[in-house]
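Same chain, two partners: chain A is paired with chain B first, then with chain C.
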Partner chain A sequence: MATETAAAEGEGSSLVFHPMDQFIVSPLFGDGPVGMFTITNVTLWLAITVLCVIGLLVLGTSARAIIPSRAQSIAELAYGFVYKMVEDVTGKEGVKYFPYIMTLFMFIVLANFLGLIPMAFTTTSHFAVTVVLALAVFISVTVLGFVKNGMSFLGLFWVSSAPLALRPILAVIELISYFVRPVSHSIRLAGNLMAGHAVIKVFAGFAAIAAVSPIAVLAITAMYGLEILVSFIQAYVFTILTCVYLKDALHPHH
Partner chain B sequence: MATEPIAEEIAGACVGPDGSAIGMPQLCGDWVWNQVFWLVLTLVVIYFILSRVALPRIAAVLAERQGTITNDLTKAEDLKKQAAEAEDAYEKALADARSEAQKIADETRDEIKAQVADAQAKADAEIAAKTAESEKEIAAIRDSALANVEAVAKDTTAALVAALGASADQGEIDSAVDQRLKG
Partner chain C sequence: MEGDLAHIGAGLAAIGSGAAAIGVGNVAGNYLAGALRNPSAAASQTATLFIGIAFAEALGIFAFLVSLLLMFAV
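Entry: the complex of A and B
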């Protein structure tokens, strides 16, 4: 943001947008190349996410009260929400994977909301992050499918309710759709967040012009509200799709 | 995130000399492994926090709450039953007391009636006795009065006879008076 204002002031009245600058990864200490273990703003915001998880789910519930405090209510709400989702979508057998899915949900929802803090770095707006999440889901679900069902897991692609002649064609389509899953799974999350944050930045650039700045500020406010919604919905969508994929692995037959 | 302008050779291919991004930072290959490393570390840490501490604790709290609610409901049910029992006992005691009171009242009334009858009979008997005694007394008085009349008559007769100058035997006088009185 500092660069934007500097650039805008430097170049006078001409508008300069740098909506993507907020996604730059930079080292926290000193200027150096970003290596694998460099402590960067990514590290900072991931650490804050972990702290929020601890604060909400560990410190918030430390009283173990029968009548919960506010923080404990939220923690219980999150627990109940994800637990019910897992149970409803995958059935009783899926419940033992609940901690993994809860990890995904808590990470994504908190990272999304932390990204909405002004000047924050949105970790989930990066494909590197969401692709890791999606691939982790895809690989573990596929391995789980083969371990649980053996070769009959391939029945997922053989639509036995369709006419015999159509089945090979459907099998190809199913196979393609299966492998497209991690792509859509990851790009949906990162794309939504990146787009929203970039649009807010574009409006913020317009706010530098006095004539349109009220409209721009209003638009930022509206977008921010929308982004709050998107933050939650995308976390929910990612989690429920994980549950659906898990259900396919546990019960591959249509 | 605000970034200071950084030298091009340090920033790599993704950040321009003015410090702003070239293209999409998301597609910058230089940064991928850094993010992957920290992300995996984060996920592992969150997973252990959740599975070791947070989730068992929340599950325990929810179970405990469910237990408390069930217990309270059972207790409330018990108390309700006890209250109903107490009410029944109260109603029964009330009815008992009422019938007892009725009985006592009846008994008392009977007793008083018996006493009154008794006293009346006694009084009647007393009155009868007194009447009889009085009658006897009256008879005695009348008898003595007659006897006195007789004696007076005899004395008077004797005195009259003596006054007339005739002497008469007392026996004669008596028999004459008796004869007169009878006649």
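Entry: the complex of A and C
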């Protein structure tokens, strides 16, 4: 790649490491090719994320204290936050699907936060991870729409408030925008995380150059603060869009 | 100097992130203007604000994706 040749030419002319190196998927044991069932660093960090979710929500609340511990109050805040979001966006009818949305939120927010630990691997910066999450939402919401409403679910694409002549054109646009949903849903999360971590690494590369290193360290600190915010907001956006799609499936008429 | 036309294309695609910045700023600015006119209605609209920001931002992320594809996949 370009990095090795530039680094060979001399220091100062290029970054000391490539900002995208942090996203390389490599096997944990040995260095064979990465196959379908190879245990990689992604597998490790996905497992750590799941363990953290269990630790926070199951172990944290198992004491059931009247005066909650720190872990218990975080778990209760998260529960209340997601419950209120589901209730506000989808209405009483959507509360039945709250466990799925809570699972999504906790998994994504903890994967994002764990990725911010230095030297950690950000699983949600990979499209392979987020596309699975988004496709699961897309397929379950579509199936749910047909099960709940039968064929009248297709009324989602037939905008009855528009003039009759415009409706076929709008139907095509609505159909396209419906099928683009999983694409934008997944790319938004992965793209935000990947871009933020790449920016931090670019500044980290500048920190090796003595003249600009103080500015670079300040910039890393500032970006890190922004990334904590972005991690939470992207998890929130992913979850609230799931709620919006769920509402469309439950009430398909405009 | 090394690089080829794909790198120039990647740089051009990065202009899209500026366009997304305009979009996100527009959404947030209009939200703030509305919220200051009627603060009591502001709290109920934060979810809409974030959905709007997410949609505006997604297109900027698409531009970022195009530039990534040009850098690493082409």
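Structural remarks
The criterion applied here is as follows: the second predicted complex is superposed on the first by the 237 of 254 C-alpha atoms of A that agree within 3 Å, B and C clash if a C-alpha of one lies under 4 Å from a C-alpha of the other, contacts with A are read in each partner's own complex, and residues count from 1 in each chain.
Just so we're on the same page, a residue touches a chain if its C-beta (ideal position, glycine included) is under 8 Å from a C-beta of that chain, and two chains touch if they have at least 3 such contacts.
The shown structure was predicted, so the numbers you read here are calculated from the model rather than taken from an experiment.
Comparing chain B with chain C, the partner in contact with more residues of chain A is B. In the superposition on chain A, A:R64 makes contact with chain B only, not with chain C. Contacts of A:Q72 after superposition on the shared chain: chain B is touched, whereas chain C is not. By the touch criterion stated above, A:I173 is placed in contact with neither chain B nor chain C. In the superposition on chain A, A:Y100 contacts chain B only, with no contact to chain C.
Of the two partner chains placed by the overlay, chain B and chain C both lie in contact with A:M20. In the superposition on chain A, A:V147 makes contact with neither chain B nor chain C. Look at A:D88: by the touch rule set out above, it reaches chain C but stays clear of chain B. In the superposition on chain A, A:Y236 makes contact with chain C only, not with chain B. In the superposed model, A:M36 lies in contact with chain B only, and not with chain C. In the superposition on chain A, chain A positions 2, 20, 194 are in contact with chain B in one complex as well as with chain C in the other. The residues of chain B lying in touch with chain A in their complex are 1-7, 10, 12, 14-15, 18-21, 23-28, 30-43, 45-47, 49-51, 53-55, 57-62, 64-65, 68. Of all residues in chain A, those touching chain C in their complex are 2, 5-6, 20, 85, 88-89, 184, 187-188, 191-192, 194-195, 233, 236-237, 240-241, 244. Touching chain B in their complex are the following residues of chain A: 1-3, 7, 18, 20-26, 31-38, 40-43, 46-47, 49-50, 53-54, 57-58, 61, 64-66, 68, 72, 75-76, 79-80, 98-100, 102-103, 106-107, 119-121, 123, 125-129, 132-133, 136, 190, 194. Across the complex, chain A is touched by residues 2-3, 47, 50-51, 53-55, 57-58, 61-62, 64-65, 68, 72 of chain C.
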